[in-house]
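Take a look at these structures.
Here chain A shows up in two complexes: once beside chain B, once beside chain C.
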Partner chain A sequence: MPPAAGFATKRLGKELQKIHNSLPPGIDLVSAENFEEWFLDIRVLDSNPLYKDQTYRLKFKFSSSYPIEPPEVVFVKLPDRPIPIHPHIYSNGIICLDLLGQQGWSPVQNVESVCMSLQSMLTGNTKDERPPGDEDFVRANRLRPKDIDFFYHDNNV
Partner chain B sequence: MDSDDDFMSAVSSEDDVLPDDSENEDMSDAEDFDFDDEPDPDLGMSKDFGVKKKVPFDINFKVFHPSDIQKQQDDLINEVNMILDISKEEAAILLRHFRWNKERLLEDSMDKQRQVFEAAGLAQTSAGPPRLETIPGFVCDICCEEGEGLQSFAIKCGHRYCVDCYRHYLSQKIRGEGEAARIQCPADGCNLIIDSRSLDLLVMPELTGRYHELLNRTYVEDKDTLKWCPAPDCQNAIECGVKKKELDKVVPTVACDCGHRFCFGCILNDHQPAPCELVKKWLKKCADDSETANWISANTKECPKCNSTIEKNGGCNHMTCRKCKHEFCWMCMGLWSEHGTSWYSCNRFEEKSGTEARDAQARSRVSLERYLHYYNRYANHEQSARLDKNIYQKTETKMVQLQKESGMSWIEVQYLNSASQALQTCRQTLMWTYAFAFYLARNNLTEIFEDNQKDLEMAVEALSGMFEKNVTELSDPKLKVEIMDKTAYCNKRRIILLEDTAANLAEGRWTFNVELTSGAAASSSHRR
Partner chain C sequence: MEVLDEAFEVSDSTDWLGTPLAGLVAVEQSFRCHVCKDFYNSPMLTSCNHTFCSICIRRCLNADGKCPLCRASDQESKLRGNWALREAVDAFVSARDGMLRFARTPVVTASPSSPKRKAAELDSPETAMQENKRPRMSTRSSKTRAAQAAAQMAQEEIDDSEESDGDDFEPDDGLVACPICLSRMKPWMVDKHLDTTCPGSPQPDQASTSTGPNHRSIASRSAPSPFPPPSPSKTKPPDRLPAVAYAMLKDAALRKKLTDLGLSAAGPRQILERRHQEWVTMWNANCDSARPKKRAELLRDLDVWERTVGGRAPTMSRALNMGAQIRDKEFDGAAWAAKHDTSFKDLIANARRSRAQAERKAGGDEGVGESANSNPDPSGLAGPPTQQQTEVFDLQSGSPASRPSQPGPPEYGNGVEGLPGTDNGDRATALIPELNPFALHSQ
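So, the complex of A and B:
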């Protein structure tokens, strides 16, 4: 029984309403022109030297089963928006985070809570490095993020 | 632990029984098999060795039909349900958590019920049966819907969502992710498991069927001694006591009631006499080298005499060119007339040594040639077995015709059926003898092995040749006797070969030119 058309739309409409009213500091809505793809910017609030004075662009893609299914979330690279360095973020912007996988996702999560989790994932990081095998992965990967079987070997980073 | 006692009393009268060291092995392996300390079913080959005289490559196993699987589960659930005074759904969740190790479950639940329930995803409080509720002022956190009359549901943790969202969520888990035994409450970070009664209340009947099917699967998948028969559409499971770490000593071939023969160790089709690890290595090598080797496995070749294209259409290696009547061997393209006496040269690869091997280029060519030699024969039998299968399907018709022509009864033409089956099994074995031989380092035992291989190979080709004769030829009663004799002979040669290889494998007397690590080192991946 796939959710009826409009299921995701309804929920995203409510989320958008709330986002327009207020968003936590360091999170800004860039565009939400439809209910399939949104862009948001995030910044790290403390003075972590790895991410100081940088803003990062996130792309959210929603399926019609959102929020039963997790959204697809990646960092996108622009002239003024680099891909943050992090042992769980590949240099093509793909994020290895359990809460974005089917096992870790809960339908009560939302766009705002995902942004906040990513913010704190950056805040807490001290390692100036990419995931192991980044180069090979970026070169070889043709899968969409949701189809990659990540092994979340270390959720504390 | 009464089954252990049974076992001890059953064998204590035997003098020549092997010591039962399974207990010690379990201790050393404790971290691999967390719940593996349940009594072993009396199935392992070493255990039964003294009880019943068996051929060394025959292992003990039992076929479980769906009703057997269901009954075993129900019995365990009922027992735990009665002893612990919890609902059947809760008993099932606990049992799955303990991978159906009832003794361990009961022991742990007596000592520390609170922790056990929490780890298994069970609530401490007991509540009435699950029901849908309409609560004033309720807002669903998933769809953000509110409003009067919105039906909602919560399991014992109290995390409440509207029925619609719950259904979407469960359907995604069951249909999308194939999950059943461990579907948790949708709330973030809540580990409580949704029990089967709640699920039946919430989802549509067509999903309930799939859900219970998935639940049943976990019973087999959770037990190391049980495995599904991999044949398509087969619902049976096989119980076998051979452990992963024994796989360098035994090739545990089992046969399901559906007729499918497979290896309990790796689930692939029967690959005796080669141990699982060699099979894995071989298949990988074949896949890696497939381009180099492709030309060999092609179905067509040119007649060595007149160069007209010849397609192999049966399992036999004896080819007769339709155009020039030249008779040759499909494998080596040599004259068939020479094969009656010198099959030997077609079966064994002569190791090239000396001058040629000295320079690196020649060495790599020799190593490729060596591989191709074995691959050629392996692929040939694989293909022939496939073709023999087609021929058997045609044989049904042949058998009917033969009845008409010779006046034999249906029973009396069954010998063709037996011959076809013997061809299949023997080719399957022969095929793997070549993969086995590829990794075999020479020692004083390899010659016996090669002789056995050669004998079986000759017998199979002879039978295959007779088997392909037309109906008129087959109605000759002399040929029937010959085919029956050859069938029996093939089966006998196969057993002789397998007895020899299995006995030497069990005793560790083979030397391989690759490292065999046994099942202990399970491969771990960085992705899941």
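So, the complex of A and C:
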């Protein structure tokens, strides 16, 4: 890797240091071996029966234009890491959240704030369901999350 | 992971955690940009009163034209320098190392015999004392500067008072002032002066001989931030570059712009635009700086950008080669093709369908003719369709319309089979299989 560090690398370096120092409860860094892809675990802290005693794995992918551009954030399915059930989370882990779209993203957001947003998105949910058209979407989608035109039909997240 | 190690050396507001000066976490936080998380570099105020590094907010506004904090719309041209904050950040940064070193030094030495709980109480006066000592050493220069600045202000005040006095001040030189142009002259000259040489209004030159410097100091004071202008007259900041509407710019013009700026004009159109924009952003941000970098340094910065974000960035090149005309920065060509595969097929099918419909409208008997084509017995019905087809061929080959009458009907009597020998015939065979399926569908 060339010694040149772009603004994304610099910014992620700062974030990583902060993350190593402290993270809010329920959020843990799993791995961050480079400045392109990080994995974090999140848990819901209250006793919401939908997510009780579960841990979910998040994958962050950063472009070289981060934080001007949003990171790509998806849930990853592993034997002990299910995809949380939520009306805005498809069963392949893709998250429909305006914060992660080009429109809703702001460079002041960061990995920690995204994790906290997802945490609270889960905490506040009471519906035991997938988004409408989940099966079709999961079967047909070949796009990366950032290229999907989500229709943000629900503002009560 | 060399890169990570390097990155870990960056300072952070959490450095103060666990030291007696933990309160400085919040102080330092307020000196850091929300976009790059670094200390403000040439902080700029937005219209919505938020502050970011000049280069950060310029990049953000280029991307979506909105304030990163409150999402209010804003424009680069409306940014204003936050000079007071710039000084505060500079002062804090220069004092930071010393403060941090002090904060991390154990304070047991001064009060070895203090009771356990009192240690905490003792910490604070101790801290305050040393804190007073330490920064005084390390910030002497800034103190001196402040003193100079104060002196300068005082000087200006003096000038000011002199000036205000000067308005009705009459020098004792035996002369009188012309009541109109205020030129000073001997009393007996006034009448003649008024009749002949008086310009009719106060003369700035005359007035400024006595009060010139003061006028200038007033002018500088009415500027938005008169307090120490970093280097008022040493170097004039370089001119900002104007924003460019890339959509209005032809390739050649854009390449010329880049060449004129001394930048590389190599690469696909999209990279050229982004390179130019990044240069304008860097350049203009540099204009906001108290200590502008040299052009060579900016070029190095652009090179870093080129290797990390721009044309030579490892992840970008592939996507760019695939579709320079697609404006999206990270164009996923494969997914795009896959996604639109069905719509391409739909478009083709639609085109075929509408062409078939047009063909059917063109002649009411065409449907009969096409069915005749599929019919092995052409004898009676073969006439009309061949006529129809020869008309089409004439249009395509540009030959005169009289041509169908030239060859006798018997030659075409066998319909399509007679045609393939000629050029026109080749086209006929190309057309017919395309049309037939739909003609059959419609029946």
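The rule is short, and it goes like this: the second predicted complex is superposed on the first by the 151 of 157 C-alpha atoms of A that agree within 3 Å, B and C clash if a C-alpha of one lies under 4 Å from a C-alpha of the other, contacts with A are read in each partner's own complex, and residues count from 1 in each chain.
Criterion: contacts are C-beta pairs under 8 Å (C-beta built on N, C-alpha and C of every residue); 3 or more make two chains touch, one makes a residue touch a chain.
All of these numbers come straight from a predicted model, not from anything done at the bench.
When the two complexes are overlaid on chain A, chain B and chain C occupy overlapping space and clash. Looking at the shared chain after the overlay, A:65 reaches both chain B and chain C. When the two complexes are superposed, the chain touching more residues of chain A, out of chain B and chain C, is C.
When the two structures are aligned on the shared chain, A:14 is found in touch with chain B and with chain C. By the touch criterion stated above, A:33 is placed in contact with chain C alone, chain B being left untouched.
Look at A:107: by the touch rule set out above, it reaches both chain B and chain C. Looking at the shared chain after the overlay, A:77 reaches neither chain B nor chain C. Contacts of A:52 after superposition on the shared chain: neither chain B nor chain C is touched.
Touch criterion not met for A:127: it reaches neither chain B nor chain C. In the three-chain superposition, chain B clashes with chain C only at 38-46, the remaining stretches of 38-46, 128-136, 200-208 or 254-262 being clear. Residue overlap on chain A between the chain B contacts of one complex and the chain C contacts of the other covers 1-2, 7, 10-11, 14-15, 65, 67-69, 102, 106-108. Chain C makes touch with chain A in their complex at residues 1-4, 6-8, 10, 12, 14, 17, 34-38, 56, 59-60, 63-64, 66, 68-69, 71, 303-305, 307-309, 313, 315-316, 328-330, 332, 334-335, 338-339. Of all residues in chain A, only 1-3, 7, 10-11, 14-15, 65, 67-69, 102, 106-109, 148-151, 153 touch chain B in the complex they form.
Across the interface of their complex, chain A is touched by residues 141-145, 165, 167-169, 171-172, 176-177, 186-189, 203-204, 207, 525-528 of chain B. Across the complex, chain C is touched by residues 1-2, 4-18, 21-22, 32-36, 63-65, 67-69, 102, 106-108, 110, 142-144, 146-147 of chain A.
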